[in-house]
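Which chain is which? They are A, B and C, in the order written, and residues in each are numbered from 1.
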Amino acid sequence: MDDSEIPSESLFDAPPMAEQERMVEAVLFASAEPVSVRDLETRMPHGCDAAEAVVRLRKRYEGRGVQIVRVGDAWAIRTAPDLGFLMQKETVETRKLSRAAIETLAIIAYHQPVTRAEIEEIRGVSVSRGTVDQLLEMEWIRFGRRKMTPGRPVTFVVTSEFLDHFGLESARDLPGLKELRAAGLLENRPPPGAMPAGEPDEDGETDAGQPELFED
Amino acid sequence: MADATFQDDTLSVADRIAAEALIVDVDGFEGPLDVLLTLSRTQKVDLRRISVLQLAQQYLGFVERAKSLRIELAADYLVMAAWLAFLKSRLLLPPDPTEDGPSGEELAAHLAFQLERLQAMRDVAARLMGRDRLGRDFFARGQGEDVTRIRTLRYTATLLDLMQGYARIRTRDDFRPFVMDRDSVFTMEQALERMRPLIGFAGSWTDLTSYFPEGWDGDPVRRRSATAATFAASLELVKEGHLEIRQSDTFAPIQLRRKDERQ
Amino acid sequence: MDDSEIPSESLFDAPPMAEQERMVEAVLFASAEPVSVRDLETRMPHGCDAAEAVVRLRKRYEGRGVQIVRVGDAWAIRTAPDLGFLMQKETVETRKLSRAAIETLAIIAYHQPVTRAEIEEIRGVSVSRGTVDQLLEMEWIRFGRRKMTPGRPVTFVVTSEFLDHFGLESARDLPGLKELRAAGLLENRPPPGAMPAGEPDEDGETDAGQPELFED
């Protein structure tokens, strides 16, 4: 740091080597591709010696959890090979959930505990086994209590993993239809006719039917 | 003091220019509070020591000018003008001890608080946006690790997907052909059928609601239907001469009694 | 944690702290997202003290080109802000936020958990359709708990992505938060008199109900 200030005969002194090392470190870290020395130098202030900075940085990282490695004629930061076992979690491919699965999941979240038959009634189509299995496997839903109705069907509820993933503190924090509409998250279509028939009655039933889930 | 400072409408030239500039720019404002905040800057004092009376005057002047220039102001600007006119009168007139509700000073203090709070939010918003930011000033790891991958497929969805999915299903119902939901409808025929065997026991005045079938007196939709049907059926029975009906007052309970056949 | 180590007759002693530090270093380097202490520990061998390892690692990186930063209850590596000028290549063009969106974001951050009605009260205008939508989509805000007031309105809070983006360790570190609070500008003061009953005591309840966001 001090070096740059000593006799500064040139207007544009290169930064001290420690500073150059920092620069190389940051660039190698943030870059999506390995970076060549030439590339480094075009990015760094005039007069920098990127090759030397890389050598020093590499030395500094010897024996650490990550290393400076050469890839062709470029440089990159990589995890130390002996720690590869820690990286298994990094290798996840994400794919968007299918529409059927999203709808099924949404119904479970909004209506839990809910039986398969109820889901089918709300969606208006049958729910394939694969969809439920997938959601179970993802641990976003689980089995709730059996319903006290003939046949004692199993119900589904959402899990705490679900809440985590969607950043919710509880399923009851999901906005209702009215709130979705008010927040502009739905197209604002006027309900046809003034008949309020369905809504109050649904809501009433829902609350009454499943007190255990939504109580503190 | 009030007279000297506020009575005359003659603003200084600078104030006039500022006010004209406001008018030209009226579309750029985010509502009356925003205008008030801008106007308050011409007072060049700490927001905590602002003269609300003077501010009310400035705002009313702003609205007047907009009118004279035939600029359409949105309704909320006019509501604010009306409120400020009211506030102004409260501030200028001696308090009327018979009138309850907040005093002019309390209302003024609250307005000053709102302005100060909005200004504070704007200030911190600017500080927030001026911070070093990820992807602009500092950076995350640019390269995923390439070490021995165990590929697992993970499915994901966002909260918006979820909510929109739900909304899609629920609003689809809005468009289904309109069919009366028979579950929640109690017909007059059903009510008649229910009441005929029961009225024989109604020697004394009984409330109409006691004739509701079980399960129809809780939920408002069902209750409404049961009330209408039972009432219509009662009228039918009155017409047939089996029943008397009375109501002591508008919205009072409706009561029924068997009509004594001998009379 | 200590208990398990004292009578270390266990077959599987935790690795030495230097080794744990390497592990944390590797995992944090590999991940673009912040990693929680809990996550670190589930990946590391049994008995590791990830929290301690992070603290040591953080110290080690002080003044370097990259830093160990805290984001909520997680940790991440980020480049030092003073080296941003080297990264034009990595800069991502963030969507320009409207003034309304910026103000709404600030109000949510400083007043959280906050309802839509409260945001509108502070700004003096209604929150336009799309503003909240945009902030949700950017994952800078999420739904908090419902407020214990009539209608149980949904609330908004900021996310750890928000903290990460603005380089904040927690919502308590928002610039000027203390001064605003001292000046009473974060209080929810109902307009005098004009309001129907309910509101003042509602707010009392609310504040009592969810103080934890800004507390230690």
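General observations
Everything below uses one rule, namely that a residue touches a chain if its C-beta (ideal position, glycine included) is under 8 Å from a C-beta of that chain, and two chains touch if they have at least 3 such contacts.
Here's who's who by UniProt: A, C = SMC-Scp complex subunit ScpB; B = Segregation and condensation protein A.
Source: prediction; values computed, not measured.
Among the remaining chains, B is positioned farthest from chain C, on the basis of C-alpha centroids. Every chain gets a centre from its CA atoms, and the centre nearest the mean of all protein CA atoms is that of C. Centre-to-centre separation of chain A and chain B, using mean CA positions: 35 Å. Chain B and chain C, compared by their mean Cα positions, are separated by 31 Å.
As a whole-number value, the distance joining the C-alpha centres of chain A and chain C reads 15 Å. Contact of a single residue of chain C with at least two other chains is seen at positions 29-31, 77, 79-80, 83, 87, 90, 133, 142-143. Multi-chain contact residues of chain B, defined as those touching 2 or more other chains: 139-142, 144-145, 158-160. Those residues of chain C that touch chain B in the complex are listed here as 29-33, 76-81, 83-84, 87, 90-92, 94, 97, 99-100, 102-103, 105-107, 109-110, 122-125, 133, 136-137, 142-143, 164-168, 174-176, 180, 183-185, 189, 191-194.
Across the complex, chain C is touched by residues 21-27, 29-32, 43-44, 63-66, 77, 79-80, 83, 86-90, 167-170, 172-175, 179, 182-185 of chain A. Contacts from chain B toward chain A in the complex involve residues 139-175, 178, 180-181, 184, 219-222. Only residues 30-34, 76, 101-102, 106-107, 109-110, 113-114, 116-118, 120-125, 127-129, 131-142, 144-145, 158-160 of chain B touch chain C when the two sit together in their complex.
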